Amino acid sequence: MSFNTFGKIFRFTTWGESHGPAIGCVVDGCPPNISLSQKDIQKDMNRRRPGKSKFTSQRKESDNVEILSGVFQGKTTGTPISMIIYNQDARSRDYETIKNKFRPGHADYTYLMKYGIRDYRGGGRQSARETASRVAAGAIAKIVLKKLIGKKFNIIGGVIQLGLLGCNKNNWNDKEIKKNPFFCPDKKSVKLWKKYLLSVRKAGSSCGAIIELRASGIPLGLGAPIYSKLDADIANALMSINAVKGVNIGAGMEASLLTGEENSDEIRNLGGKAKFKSNKAGGILGGISSGQDIITSFAVKPTSSILSERETIDRKGKNTKISVKGRHDPCVGIRAVPIGEAMLSCVLLDHYLLNRAQCS
Amino acid sequence: MSFNTFGKIFRFTTWGESHGPAIGCVVDGCPPNISLSQKDIQKDMNRRRPGKSKFTSQRKESDNVEILSGVFQGKTTGTPISMIIYNQDARSRDYETIKNKFRPGHADYTYLMKYGIRDYRGGGRQSARETASRVAAGAIAKIVLKKLIGKKFNIIGGVIQLGLLGCNKNNWNDKEIKKNPFFCPDKKSVKLWKKYLLSVRKAGSSCGAIIELRASGIPLGLGAPIYSKLDADIANALMSINAVKGVNIGAGMEASLLTGEENSDEIRNLGGKAKFKSNKAGGILGGISSGQDIITSFAVKPTSSILSERETIDRKGKNTKISVKGRHDPCVGIRAVPIGEAMLSCVLLDHYLLNRAQCS
Amino acid sequence: MSFNTFGKIFRFTTWGESHGPAIGCVVDGCPPNISLSQKDIQKDMNRRRPGKSKFTSQRKESDNVEILSGVFQGKTTGTPISMIIYNQDARSRDYETIKNKFRPGHADYTYLMKYGIRDYRGGGRQSARETASRVAAGAIAKIVLKKLIGKKFNIIGGVIQLGLLGCNKNNWNDKEIKKNPFFCPDKKSVKLWKKYLLSVRKAGSSCGAIIELRASGIPLGLGAPIYSKLDADIANALMSINAVKGVNIGAGMEASLLTGEENSDEIRNLGGKAKFKSNKAGGILGGISSGQDIITSFAVKPTSSILSERETIDRKGKNTKISVKGRHDPCVGIRAVPIGEAMLSCVLLDHYLLNRAQCS
Amino acid sequence: MSFNTFGKIFRFTTWGESHGPAIGCVVDGCPPNISLSQKDIQKDMNRRRPGKSKFTSQRKESDNVEILSGVFQGKTTGTPISMIIYNQDARSRDYETIKNKFRPGHADYTYLMKYGIRDYRGGGRQSARETASRVAAGAIAKIVLKKLIGKKFNIIGGVIQLGLLGCNKNNWNDKEIKKNPFFCPDKKSVKLWKKYLLSVRKAGSSCGAIIELRASGIPLGLGAPIYSKLDADIANALMSINAVKGVNIGAGMEASLLTGEENSDEIRNLGGKAKFKSNKAGGILGGISSGQDIITSFAVKPTSSILSERETIDRKGKNTKISVKGRHDPCVGIRAVPIGEAMLSCVLLDHYLLNRAQCS
């Protein structure tokens, strides 16, 4: 039971509203004696924070994270790591319009109906601002995984589809992802994407995206049947991110179009090691990692915060219209890349520790 | 933490191997005073069991479920409901070939590497036979939901894509689903599907499928942010089913192709009630049910148990080949329909009870 | 959340009513590749089962346990171990009197009021018969601990007070415990206890008991602050046993009477190892095992099933009287010894695995 | 699994070290729409904080709690309530002596051995300072219980034994508890207790205590068999408090001395309601509240922080001696009263919500 806590052994609890004084995160179950500094975490925070390019929200947040506990003389102690991020650019006036009207496609309506009360300022708890806490937790998970697994561990995400535009995955280049504002792994797609997204932005509209995550160096044996399968926990983790509507593992939805011959990854002995001839499975068989790269992708819907006027009702049930004028991302999917990486890192570390418990 | 337990308040634990003496399920957290009989559960069991048509495995299992506890004088008592299903047609000789060879696309390799031991007979614990227990638990969940919500509650699943063949969802007909051996909701597709699947079967091959689930009459307010979102829990539940590789909520992966205008479901006041003009969200906003129908779909890969010879290695790491001759489903996706319904029912009941705790 | 499940990683779920067809237990999270046979478990079952002497209930139950899953070719596989124990000597007619009257001191009243329904036969789910399942789970935990820790691991419980009669703990002898029907560790007390308990039985009355548990060979480091402290989890485990009303760790309640000087266990270096000069702490400091013996004790109330007539009300609220004539233990505390050992074993194994996850 | 989280539905997570910048608490699962202000919480904080009399530690902490989230316009919103308490009087120099020596009776040794690292300043995470966070969470639980149950709900704790001195429980007076510095319910004992504790303090020694908690107005039906019994959860909650070594429910350990006749609480119909003639059970039967007052007590050991020199070893294993000169409580049991109340309140609210889920 965990409304605001994620994980089994490596667990984090997030708190905070978009326009409250601060948001934060308590990470529990982190192994002791791991070197950890604020800087390590901040690096990931900066990848997610808004206002960095004209393709993301203009809200100015430094997303400066402070560590309040759990680290002593530069090392984790095994006690909870509490982190706090103060909200800086919270302009509540922007949100007077949404105080009484439900934005279609947002959770305004369901939150108010469920709880009978909600902090409507900037979406309150339902705002994607909460994901900053996830990135902080994920940064710790990555550092721990790197320490436990070694240098071969790597995790990277990229946007492989921006609205209607795909990219060529054969051109995937980890370094390219860090160079363009779209986390796009294919250099050749960047120019067209820029043009496209500017036009979407100018139109006051928004578009969706698909993000692919790749984790390599993952040991065999992570994941536990039947109800702690690695793929099921990844699906849960990614679907919990705001605006995500679909999750694929390996071939994903397209596995339905393959034959048994095409889909099963044949195995060969290569220099004494088992090697798979393909990776339709996405590195997971029967819920357990196979030692292949973990490949997963997820779809982010276009944000419903758009300039176009939309039909809706107000708190009293009256028919009305709404046009959202705040500071928004034309494609929220872009900033979902570091969030996806963070969630996947947390799931992998969690199962790494679980496997150590059961099978070491 | 729950390797073999699913759920938060309404929880079930499954046990058993494909060729052991029996499999079973303990359902915990079921509300008291609900009328429940073996017959009610058996009805759902029969929808999943193999050997009913030439399109599914020829293993003969009556899948007769016995209730061992938790029901007194025809009613639930609030104590755990233990159910047992004896294995009948377990022919272990069929599985001598897989004792020492890893079937590509199956979990043979990962199970053995993780645990250092495995019951290889019929796939042991990794066999889809485990899903019979889920259907038993789901049958109880459905009965309880019907009692708590009333007659307007309905849950139904259908195969909307069989291998390369789709169907016309505009022809969706709940009754049709019960009439054909494919759980296909579109009468017009059945004939072609028959022909197609027979050819797949004759070729000793297999194909995938996509299943769509629809739940109606669901009250607003089920699901709890941030890490017990209804959609994230559904994704977890469906991805935990054997061979599932992708999960969509509402528009799903295709939401990435829509504009903000197309994707946000506008709201109108209709006779004093909020009505959505579309349902791209699949009935869930911010992780909370909106009162619309819950729509979710998932992709099942083609089974890797095929007659075609495939390259693999044996337990000693030697290169070899394998051809699986046992009794298998040409499309495991078909029998996934009642399993998907069962898992969705359990998630919905779980959140119904959780919501009662927090917001009643 | 776990109504009928105990534990964190090593978990067991029990089910079944006193007069239903069977009771049982599903053990989850057991490490793989541990030799395990039905016989190993049965040995512990026999220590708990009734009808062995005139000092316990005359209900005849062989308490024969069957393993239905999770063990393959004599070894655990890491999958759930399902065990079933059929009820044999269930004479429901004995319980017609309690169908409509609430036995004072029993849970008849609270069960019916809470659930609105209950299986009254033999106390149904509230019967101590459920503890047979715990002993089965505990037997597995002991075997695993012995495999993981080695021969130095030992766990033993003894009755140190029988009603008004104590014993001399300085005479504690593990072997003596197995020889007398009271699990009494002090040979000199046995004769008097016999006489005393026979008189209690003849009078149709009952008496309480205090049981002490001792676990040796326990590695330092089990238990995790703050809310998974080893002592807090032991208190939870023991207080969950039927009729238990108090739990002590080390000096326990009497620690309140000591001075700081008397209570703190001084430490010395003995041959390169830390040795404590006393063990007031019961082997646990700050919720973490110190490497000393774990010492804990618990009080069992006298059963309320007595011949003496007692005032009560019936289901309709009418004043009435009741005298319980079924087959009962004059001192239920005696049979609580193997149950206490079982619960302690499960807690220790659980924390052993947890520690491996976090600190290996 | 929850190292630093307590509870099932109403959950709180604490973080922070004694001499870090701050400590805090995240409360999750609080029902929405409950009036809550900082003041309400501060009132309870003040009852626990040190430095109020010469009978407690002289550390000066205002224990000022700040609410960072989860409350909007004076009401809870159903989202996590994050609270922070800055450490003010953290004099790390006081703790240089314990940097390298293990204080007997403290968790210095086990923390370092388990984790290989620890924040030794003031005991770090193992310090009772953590309990301030519990009191904050408990204050919220009390307010919610009062709202849900009504005015008849009351919870109060008192010290019934101070070291070797008891008090007369027949003189129990709720109001008296608030008047004396010992939380003593018996006015007649206060004078002697003062004299006694001053002498303990002067001697540089310390003494233990027994605290009794009484909760009235508790509805029947809280608690769920078998492994979420109300009494077992209370035992867990109280034993998790620093320095607690024993927990009683109702008659507790002394139940072992009673006969079945003495111990079973007879029931009568009084004006249409079931009334018990006594309360040996402490208000709990079969793990479920009976509607009677919940009575529980727990023993706190004398703190091991004493002036007397004690034998111990240092980090290198060398024999040495230690005398603890910091600011300490001569009887830590006194300040355990509000902590015990807090923990009991949290358990009761948790089960209130759970019962609503299962049986409403």
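Order of writing sets the chain letters: A, B, C and D. Residues in each chain are counted from 1.
By definition in this document, a contact is a pair of C-beta atoms (placed from the backbone, for glycine too) under 8 Å apart; a residue touches a chain by one contact, two chains touch by 3 or more.
In this text the structure is predicted, and so the values were computed from the model without any measurement.
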{"item": "Contact-pair overlap exceeding half with C-D, pair selected from A-D, B-D or A-B", "value": "A-B"}
{"item": "Which of B-C and A-B has more C-beta pairs touching across its chains", "value": "A-B"}
{"item": "Most distant chain from chain B, judged by the mean position of its C-alpha atoms", "value": "D"}
{"item": "Rounded Å distance, chain A centre to chain C centre (Cα mean)", "value": "46"}
{"item": "Distance from the mean Cα position of chain C to that of chain B, given in whole angstrom", "value": "39"}
{"item": "Distance between the centres, which are taken as Cα means, of chain B and chain A, whole angstrom", "value": "26"}
{"item": "For chain D, residues contacting two or more additional chains", "value": "1-5, 8-9, 14, 29, 32, 78-79, 114-116, 125, 225, 354, 359"}
{"item": "Category of the chain touch graph - line, ring, star, complete, other", "value": "complete"}
{"item": "Of chain B, residues touching chain A in the complex", "value": "1-6, 8-9, 14, 102-107, 109-111, 113-116, 125-126, 130, 161, 163-164, 200, 205-210, 220-221, 224-229, 231-240, 242, 245-269, 272, 274, 277, 280-282, 285-290, 299-306, 308, 310-313, 317-319, 333, 354-355, 359"}
{"item": "Complex contact set, residues of chain C against chain B", "value": "1-5, 8-9, 11, 13-17, 20-24, 26, 28-29, 32-33, 68-70, 72, 75-82, 84, 114-119, 124-125"}
{"item": "Residues of chain B that touch chain D when the two form their complex", "value": "1, 9, 29, 31-32, 78-79, 225, 353-354, 356-360"}
